[in-house]
Every structure is written in structure tokens, then in C-alpha cells.
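Here you go, one structure.
Think of it as A, B, C and D in the order they're written, each chain with its own count starting at 1.
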Amino acid sequence: MNKKYIAVIGSGSCGEDARDAAYRAGKAIGQAGAVLVCGGLGGVMDAAAKGAAAAGGMSVGILPEQNRLGASRHLTIAIPTDLGELRNALIVRAADAVVSICGEYGTLSEIGFALKLGKPVFGFNTWELGKKGEPDTGITVAETPEEAVSLALDAAV
Amino acid sequence: MNKKYIAVIGSGSCGEDARDAAYRAGKAIGQAGAVLVCGGLGGVMDAAAKGAAAAGGMSVGILPEQNRLGASRHLTIAIPTDLGELRNALIVRAADAVVSICGEYGTLSEIGFALKLGKPVFGFNTWELGKKGEPDTGITVAETPEEAVSLALDAAV
Amino acid sequence: MNKKYIAVIGSGSCGEDARDAAYRAGKAIGQAGAVLVCGGLGGVMDAAAKGAAAAGGMSVGILPEQNRLGASRHLTIAIPTDLGELRNALIVRAADAVVSICGEYGTLSEIGFALKLGKPVFGFNTWELGKKGEPDTGITVAETPEEAVSLALDAAV
Amino acid sequence: MNKKYIAVIGSGSCGEDARDAAYRAGKAIGQAGAVLVCGGLGGVMDAAAKGAAAAGGMSVGILPEQNRLGASRHLTIAIPTDLGELRNALIVRAADAVVSICGEYGTLSEIGFALKLGKPVFGFNTWELGKKGEPDTGITVAETPEEAVSLALDAAV
């Protein structure tokens, strides 16, 4: 039970670039012996789970629906919650650190939650935040998915 | 039960400007006969509830703790949830439209949730969002708190 | 904000006896100046809200759906949660004491939650609990809905 | 992802008999290649996870706290939720069928949720339910923990 838990967040419908980045992030998490936490559906979530599985790692998907029908088949464990988008908060809560890849508004809610909870967030091609024209520095920008995971593993306590 | 429900979101610790703006927003909501929904604590939340009460309006605070000890005394109804920051999602879910004033990361999570759920969001001095250097247009910027509320009331269905 | 909050729990589909008892309970809560908390839908919930309104009291319905379409029209405030049956826990959490009238399995979950959280539960024609053939004394049985409310008001802190 | 998920519910503080029964239930779940879902803490939860691990099976603990410090060390995966007792509903939601062993009021809330959601519940030395002096038949009583698991596996769809 001393494993690190790293969330990969991003949207269910995304381009090939985002899927590729998520796969690489999931693979890096699996190679490090950490547990991947994700939203359990398609797009970035499915690609990350596929990557974790390719590395022999474990993954948990926290699903918005009341059953596992829409779950990625690459997940080790799938948890239906029937919480809808509110499950986003549980994904972040379950993780020690967060890697954000691209993403839409659901991902934005997860970033907000993570930063509010004090969880380190590492971004790759993801949301940019600011106030009064000044950029917010809450998200640490990484150059590659592997770098994002490496930083997340270091930050996870 | 045909009342409109408008959320005012923003942080618990904020400057006098934000408190003033929240008071004005809450007052405008109360004057319109709508119900104010907020997080029920201090700062923007308390100021908005005070404004609603000044206009003879009703307000509901959805609290993160398991009791009402920290609730604003200006609230009509206070709902303790013991959900912590996860209650942010309930504030947004309970509202027909959202007014965001200043705010920190908790507010950011609420903005993300609102936009994900398709709830209209109107901002006054609040978060600025972008991707790849391009601003995101999810938040409609208002020039005054009263304008934000007016737009929110129009958008609330 | 020093009002007492009393939940009335019971099923959405119930007989005339249960509706009558819930109406009387809601009315007694309203007459005492306390706030009624309920699940916001039909049956016992609607009847309790109607009773509270008849006494000029306030009521809050915590709804399982993502909108207010199914809400009792007698509620002062309706809070859609999209939490499904999980909202049962929030009803109990929001109350200082609980009155249970008849009820099905959803009500049973609320009774369990209330007793687990240490909230006093008063029952009228409701679930009977036991272990190893011995009755459990967690629910205090009342002879009338008014007695249940009176005991709940005394127990609410 | 075609695995069956079986919850074992029961209290965190329980006697040696309950721990023994939970261990046997967890072991039977692991031997069947199903996933054990539990509350992740001590007592029945820990014993069930230990049993699952002894059979080489997987287990998921859905924790009430905001971290994994109190998690059973026998779990495969531990999910902190910070939802307090509200996480009870998630345990049931995540399972295809439920085995209840002894248990206190938290377990009662889980039984209520499970029956409300239409999840089959099999009990061993657990709560007895009734209304108006008549026993309720929602919980199917098993003679042994192994029988409870066997029935749960058959009922899980």
C-alpha cells in the first residue's frame, strides 16, 4: 500500500496527439510501479489506461455512470459511481499528483480541485490560467508526457 | 417553485473590492426575486448573502463542513454537507446560472464544473482561461456585478 | 441561523395514511419555526412540505435529479443534486434530527446514515430493526407524527 | 473488464467471529476471480481484504478519509474519498452484489442503499429488518460466508 497514485486527466474526445501523449504518460506511470487513476472512459482516459497496461501497471477508472458499460477495457479496476461530473473531484482526491493533458471544461474542473486541495499539477498542452492579465503559476508546464509523469512522481508524497 | 437560482462564487478570503462586488450581486439577485446559491462561508459568500438579505431575497449556503457553525449569518438556509471541496460541484449543480467574482482555485473548480454542465458563467474580475495562447470564451465578462447578475438572470432557464 | 433543521423521511409512493402523517409532521415543524428538510419529491416528501407551508414554515428539498422538474411545489427551496440515491445521505447530514414515516429501502438507508452519524431518529410506523432476534433501539418509536416532531425538536442541538 | 465485483460490508470494530467470517468471504471472492469491494479500513473490511489477498484476488477499498493512512495493508487498491460515511453509498454502487457480515449502523445504511438500488444482498449474522411486526425479505440469509459469496456471485450480473 505504499504505491504512488498518479491521475491522468484530459477529455474523452480528443485528437491523436492527446491520445498519444496520454498513452506515454500511462506507460511511464506503469513503468514506475505507480497506480494510474483516471476517469475510466475513452479518449485520454482510455489511452492512459492502455499505456499503463502495456507497462504491466495497474489502473483505476472512476466512472461517472452507474455501471461499467462505458469503461475502458484496459483498466485494472473500474468503479462506477453514478455521480456524473461530480466524480471528477474523486479522481483528483484519489491521486497524489495530477498530470493534465489537453482537456476541456471537465479537465478544468479537475485542475481547479487539484490546486485547491494542494495536489501538484503538471500540464502538457493543457489549460492556461490567469487573472488580470497575469498568468497563474499553479500548473507546472512539462515539455513531454514523460517529464510530466517524472515530476508528478517526485512531487507525490 | 418557478424561481430562478443564481450562484455567486468566489473565495472565502478576499479583498474589500470583491466583498463589495459580491454584496451588489447578491442584492441584485434578491431584488429580482431569484434565489442566491453560494458556498455559505465568509468572504464573497457572506457578502453575497448579506446583499440578498438586504433586498429581502432568499439565499442558500451549501457548506463544506458537517455543521452550520461557520455559516454566514445572512443566509436564509444553510446546508451542511461534510463533502469538503466536493460541495463546490453541488453549488453549481443547484444553480441555473453562475456569477463568478474574483476567486481562487476553488472558484476555478466551480467555473470548470459550470461550463462542463453547460451552465452559463458570467465573470467580474475573475479567472481568465486559455489554451495554446488563445483565450477561452466560456466565461462571459461583465463590467459590473449588476450586469453579471442581469445577464445571468436572462440566461437562467 | 439558529433555526433547527428537522428531516422528514419516507417514500415517494405511499398510502394516504403515510401522506397524512407526513403532512402533520411537516405542519408541526413549521409551527415550531424549524426548517423542514426532505427529499423534495412526491409522497411523504411532498406531504411534509405541504404541511410546513400550511404552517408558514420553510422547507428544503434535496433532489436526486439534475433539475427541479420533479420537485414538490410546496417547497421553499429545491436543490437539485444529480446524486441519485446518494443524496439520501445529504438529507440526513443537513438535519439536526430525523423523523421517519413508513418508508421503503431508501428510507432505510437514511435511517442507517442518521444513526451512524449520531443523529436522533424518531419513527412513526416505520422500519423495525434487530440483530440475532433482539430488537435494536436506535429508532425511538413515537405514537403520533406530532410526538415524533416534538421529540425531534427536543433532541435537535 | 468482465470481472464481477462483490462488496463485503460490516463494521470496522467487530469480534473475532465476524473477522473470521469476513476473511472466509474475501477468500471465496478471490478464489472465484472476482474483485472485492469494501470500505478499506479495519475489522470486517481488513479481514475481507486479507482473505482476498490470500487467494491471490484483487480488492478495492473506498476510504472515508482524505488519505490512505488508515487503509488496510491487504488492499490491492485504496481510494481515499474524503466523503465520510457518504462513501458507503459508493461501496454499494461499485458492487454487483453485496455480502453483509454482522455490522453496525454504517452497514445498515449500506444495506438500505443496496436494496434501494436493486443490488442483491446476502447476509451472514447481520441486520434483521421488518415492518409492522413482519420480517422484510430483502436480505437473503446465508448459513456460511462461503454460501453468501456463492449466492452473490450467482446473482451478480
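Going forward, contacts are C-beta pairs under 8 Å (C-beta built on N, C-alpha and C of every residue); 3 or more make two chains touch, one makes a residue touch a chain.
Since this is a predicted model, take the numbers as computed values, not measurements.
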{"item": "Option reproducing the contacts of B-C, where over half of them reappear, out of A-B, A-D or C-D", "value": "A-D"}
{"item": "Furthest chain, CA centroid comparison against chain D", "value": "B"}
{"item": "Where chain C and chain D are represented by their mean Cα positions, the distance between them in whole Å", "value": "28"}
{"item": "Inter-centroid spacing, chain D versus chain B (mean Cα positions, whole Å)", "value": "40"}
{"item": "Where chain A touches two or more other chains at once, by residue number", "value": "66, 82, 86, 90, 93"}
{"item": "For the chain D and chain B complex, residues of the former touching the latter", "value": "66, 82-84, 86"}
{"item": "Residues of chain A that touch chain B when the two form their complex", "value": "85-86, 88-90, 93, 104-113, 115-117, 125-133, 138"}
{"item": "Chain A partner contacts - residues on chain D that touch it in the complex", "value": "1, 35, 58, 60, 62, 66, 68, 71-73, 75-82, 90, 93-94"}
